[in-house]
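Next come two complexes built around subunit A: one with subunit B, the other with subunit C.
Coming up: the complex of A and B.
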C-alpha cells in the first residue's frame, strides 16, 4: 500500500486500480514496462525547481491536483460538440481523439497510399503488439523524466504511424487531441509512435486543443524512428485551454542519411513544457528544429531542446522565437552536445525573444557542449521589445496603435511560420498563431 | 491650414525649437531650409506626433484644431502626412498589407467603404505608374532591402495613396538620382490643389525647380530666421547660411 497523501502515492494507488483495464494488460512485456515505469515514478516523484532541468518551471500546480486517470462513464459534450474544436484545415488523413478516445466519426484514415498505416495505439496493442514491443520506450525510455514514466505507466490512447520503405505518405497526417472533460479534471497520457522505413517520407501534425476553462493535463510522449535516408516532418500545434497543463516529450532517432524536421508552436495552456530530443548517431543525418512560443496573461511555457551529435558529419539547425506579454513567462534551453568522435559536425542555433510588457519575462539559455575540434557551431540568443520607430511609422499612416503592435508582433513571428514547408499547413497554423497573438484578431489578411 | 505659434520643443532636456512661428494657407507650398541640426526634422516629427519630443510651449493648429492633443494615427486620419527623412525597415510586415491597412484606416475615418483586394490593386497600379516603382517591391517587407531611392519613392507612393491635406516631406530629395527626383516632384505636384498644402524640408534648390514653393523659410537658431519667396532658395544656394545666422544674431 502506498502513501496516498503524496502525489507519488496517489498515482501508484491509481495505477494499481487502473492497471487491469489498461490496454495490453495480458501482455507480460507491457505489464512489466508499466510496472517498471510506475515504480520509477514512485521513487522520483515530480521534479522540483532544484532539478537543473526544471529550474524555471515549477510543476507543483500539476502535483497538487488530483487528476482523474480514466474517462467518466457518461460524456457531456460542450456546445458545438467536439467537432467544432477540430482545427480547420485538418484534412484527411486524420485521427481525432475526443476526451482520450478515438472518434471514428471525426476521423478519416480510409484512403491512404499503400504502405502507409495510421492506427489507434490501443488497436495496435491488441493486434500487432510485436511491433510495439520492439519500439515502445526504446527511443524515449520510461524513466527519462517523471512525466515520461507516468506516460509509460498509463498510456491508453494515441497513434501509430508507419510508412513502408521508399513510400511517400503524401498529405500530412493530422493527429488531433480534443482534451478536457467538462465533468472532471483529467490527465491524458497519449503515446505516439512514428516509424518511417528506409527512404520513406512523411509529415505528421499533432494538434492539441481543449475546451474553454477545462482543467486537465496532457502528458504526451512521441517516439520517432527515421530509418536510413528517410525524411520525417513533425509539426506540433499546442492550443490547450489556458486553464490546462501540457507536458510533452518528443524524441527522434535518425539512421544514416536520415532527416528530421521538427516545427513546434506552443500557444495554449497555463503551463506548458516541451522536451524535444534528437539523436544523430549515424553519419550524414540532418535535423532542423523550429519553434515559436507565446506566453500571455499568466501563461508559462518552457522549451528544452537537446541535439546529441554522436556520429561525424551530421548537421543540426535550430530556430526558435518566443513572445511574452502580460505576466507571461517563457523559457528556452537549447542544448547541443557534440561528442568526441563527431567531427565535421555542423550545428547552428538561434533564439530570439520579444517582450511585450514590463511584467513579462523570458529566460534563454543556449548550452553548447563541444568535445570535437573539427566542427562548425554557432549560437545566438536575443531578448528585445517592439521597435518604437517602427511603431511610430505605422501609426503615422493612420494605423491604430493596437493594430500596429499586432502587426509588428506577427511580423516578428512570421519567419518561423514561413519555415513550414507546406503551404496549406502554413495557412492553418499561421491562422492559429495569429489568433493567439495580442492584437492578432483583425489581422487576418496579414497571412496572405 | 496650419498655424504654428511660438512653438518650443526640447529633446532630452535640450532646447531645439525656441519660438517657431509658421503659417501655411490651403493650397500653398512652403520650403523649409536650414543648416544641419537646426531642428527641421524635429519640427516634422512634432507635427506627426512622435513621442520623446517635449513641447514646452506654443501651439499647433491644424484646420483650427490643436494637433498636440492627437495621437499620431489621429493626425494621419485628420490629413497630416510625414514622408520620413529615414524611412524605417519593418521586416515581417508585407508592404502591400501595410499599404492596404493604411489606406483603409484613413477611409474608415472618412466614412468611406474599405477597399477590397481588387479595388486596392487597381488603385495601387494607377499610382505605381506615376512613381515608376517596381511592383515586386510591394511583395517585400516594408522598406526591407529597399535602396535609398526606393525608400524615398515608397514614401511618395504612400503620399499618393493617402492623399493627405498636409504633406510634410523631410528631405525626400536627398539621395535621389535625377529621374527619381522628377518622379517624386511629379507625385507631389499631381496632388497639388487649392485644398492641399505641402511643407518641403530640403537642402537643395534642385527640388524647388520642380516644385515651386510659395514661401521659403530658413530655420536657424531654433526659429524661422528668414522668410522669402522662391528666390530666397537661390540666394541661399549661392551665399550659404552664414549671413542668415549673422542677420538673425543682429536682429535678436
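Coming up: the complex of A and C.
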C-alpha cells in the first residue's frame, strides 16, 4: 500500500503544481472536476492484480515510472519530423497532435461539410466551455478507474467532434496523436469528445503512433454521445512505440434507435489496456464491437469490453480476435450485462485467439450476466494454433514454412479487417496490421 | 406471459417435502470456536496426535483468513461464534454394532426420507454409509467390500483403523491453507466418508453416502477422502435432503479425490437441501470445496452434479490433471428457484501432457433465482496437446431471475486447444405450443423440455440417481413457467 500512496502522492503534488496552467483553470466547474478527480485518484491509487478488473494486467511498471506531466519547453523532433509519423491515408479532415499539442501545419480541418465541427479540446475549453460543461465526465465518470481520474485531472489536449442533427460528416475524421518526447518520459492525457446529433452520421479514427524507443504513457479517455437515430463509427489504431504504455477508456451512450460501431486494433505499446463500454439505455439501439490485438516480443495487450443492455429491444454483437507470439500476452474480457426488463435483447460475442509461441499466453474471459428471460445471448471463445493441415497444404505447394505461417496468421487477422465498413480505411489499416503481424514482412512482398 | 393457475401456484408454494425434525437428544458443544473446541472435537473422536496438530494448524491459519467476497452471491454475515461445531446423536458409548442397535428414531428419519437402509441397500446393491449429523451410525456391505480389500467407512473410523492411509492422503489435494471454508473444515470437521480402492480392483458396487443436517444451528463439516490406487475404478454417489429450518445453516464440506496411475473415479452428487422459502428465509448455505487430483498417468476423474437445493450454493468441483494422458470431466445441472443463489462451476488445471477435459454445465433459473457459472480452464506451460471443451447453457424462466457466466481461460502452451461456448435462452413458445397441441399438459411439457435440456448431464449419472434427479427437477420447477 505504501507504494500506491507514494505514487498517488507524487501525482497529487504534480497536480498542485500544474493546476494553474491547465486549460480552463478560470472555470470553477472544471477546477472542481479536476480537484475531485485527483482526490479520487489519491484515495484509490493505481489498481493491483488483486482487483478483478486488473487480474491479468499489472500496471506496476506505470506506477513505478515518474512520468513528466508537462510539455517540454523545447521540442527536438527526430529525423524526418513528426510529419513522417503521420500514418498514410490520413486525409482531410484530420487533426494532428504532436507531443501533446495540436500541430496546425499537419492538421487540416478547413473544408468541412456544414454542421460538422472538429476542434482542439483546449480551444473549446476557452471559447465554448458550456458545451463541455454538459458533457465532460457525464459518460465516463472521472472516478471510474484510477486512469480515468488521472485523465480528468490532467487533461490538456484532445479533440471535440460535433455533428449537427441530420448531417452526414462524409469522409472519416482522423485524429492523430504522435507521442513520445525523446528528451523525457512523459504522460499524455488526451480527452476526446464525439457528439452526434439526432440522425447524424460520422466516422472518427483515432491513431496513436510513437517515436521509436520513446518511453511514455498515453492515457486516453473518449466520450461518445450518439443521439436518436444517429450512427457513429469509431476506429482506433494503436501503434504506440513498443517501449511505451497505452491506457484508453472509451464509452458510448446511445439514444433510441442509435447505432455505434467500434473497431479497434492494438499493435503497439509494451503494455496496452483498452476499456470499451457501451450503454444501450434506449430501445432499438444497436452496437457492434470488433477488435484485433497482437502481442509480440514482450508486449502485453488487454481489452476489456462491457455492453450494458439497459433498455429492451437492443442488439449487440462483438467479434474479437487475438494473436500472441514471442513472450507476448493477450487478455480479453468481454462482459455483457442484460438488466432486468431489457427483454428481447440480442447479444452475441465471439473471441478467438491464436497462440503462436511457447512463451506466449492468452487469458480470456467472456462474461454474461443476464437478468431478463426473453433474450438471446451467446458467447464463444477459443484458443488454438494454426491448423497443421492447412500448413501442410501450403507446404506441398512449395511455400516455405515461415511464409505459410505468415499467410495463415494474416488470414486469421484479415476477417477482422474485413469488418471495417469504409473501403479506404480497410486498405490503410490492413497494411498497418500486416506490418505488425508475426511473419508479416515476408508476406508484404507477396501481397503487393 | 400467462399467470400460473392456482393449482400450479399451490404446487410451487408447497412446503418442502422432506422438512421435519427428528426429536433426538443431541450431544452438542456450546456455540463458539477456539482451540479448546478443536481439541474437544478431536478428543471426542479419539484421534491420533498428528490429526489434532493438523486441526490446530488449520484453525490458526483460518484465524488469519478473511471470508471471501468475490462470489456472485448475497447473504447476511455469518457469525462463526454462533455455530455449534459438534453434535453427535446420543448413543451407547461404544456406538451401534448393527442396524438393530441403531436408535429407532434415526431409522424412522431414514424411512421418511425414503431410504429404507437395509432394503434399499440390498435391492440396489448400494453400500450406504449414512451420515446423520456428525457421527456415522450405520455401515452396510462392509464385509463384502472388505473381501476385495476395499475400505469404505466413516472418516472417524478410518482415522482409528487406517491412520497411515489417512495421514498419507489427508490434505494433499485440498490443503488447509486452500481457502477460508476449507481451513474451517480442516479445523472442525466432524465426520465423513473414507474410501480406498486397492490396486487393480474394480469396485463391484456403487458406493453411496447420505448426508443430513438435523440438529438446529450445527454446521456440518464433512470430510470425504477417496483414494483410487493404480488401475482401480470406483463410482461414488452422494445425495442429500434436509429438514426445514428457519435459521441459515452453514455447510462447509471438503471432498478430496486421489486417482493414481490408470485409476478412475466417478463422483456423482444429487444435492437437495432446504432452499429456503420464497422470501429467502432459511435454507442451507452450501460452501463446499471439492477437488480431484489425477496424480497418475492415464487417470480419470469425473464430477457429475445435480444441484437443486440450498439457499446458496458455492462450489467448484475441480480436477488437477497432473498425470500425462489424464482426463477430467464435469457435468452439472444447477437449478435456482425461489430466491436461491448458485455460484458454481469447475476448474480444470492441465499440467500433464495430452490431458483432456470436458465441461458441460446447464443452469436453470426460475422465480428469483440467481445462477452463475464460474469456471477456470488453465493450460500450464508443460501441458502439451491439452484439450478442453466447455459448454455452458442457461435456461431462464421468469423475468426476475438471472443467469451469469464467468469463464476464465488461461493458456500458456501453444499446442493447446481450448473451446468455450455459452448460450442463454428461455423455453420458446414454439416448443411449448408443439407439445401442447399434442395434448401434453403445460407442466409436463416444461418438464420434458427441461429434461431434454439436461439430458447430457443426466446421461452421466448412475441409473438410480438419474431417476431421482429427474424427479427432483420436476418437483423443484413445478409452476415456474406460466
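Worth pointing out:
Everything that follows uses one rule, which is that the second predicted complex is superposed on the first by the 438 of 448 C-alpha atoms of A that agree within 3 Å, B and C clash if a C-alpha of one lies under 4 Å from a C-alpha of the other, contacts with A are read in each partner's own complex, and residues count from 1 in each chain.
Operating definition for what follows: a residue touches a chain if its C-beta (ideal position, glycine included) is under 8 Å from a C-beta of that chain, and two chains touch if they have at least 3 such contacts.
Just so it is clear, the model here is predicted, and its values are computed rather than measured.
In the superposition on chain A, contact of A:366 is made with subunit C only, not with subunit B.
Residue contacts after overlaying the shared chain place A:411 against subunit B, while subunit C stays out of touching range. Within the superposed three-chain model, A:384 lies in touch with subunit C and out of touch with subunit B [touch as defined at top].
Looking at the shared chain after the overlay, A:397 reaches subunit B, while subunit C stays out of its contact range.
Of the two partner chains, subunit C is the only one touched by A:375; subunit B is not.
By the touch criterion stated above, subunit B contacts subunit A in their complex at residues 48-51, 71-73, 75-77, 81-82, 84, 87-88, 90-94, 97-98, 100-102, 105-106, 109, 141-142, 158, 162. If you check the complex, the residues on subunit C that touch subunit A are 70, 379, 381, 394, 396-426. Those residues of subunit A that touch subunit C in the shared complex are 52, 340-341, 343, 353, 355-358, 360-385. On subunit A, the positions that touch subunit B within their shared complex are 387-390, 392-401, 403-404, 407-408, 410-415, 445-446, 448.
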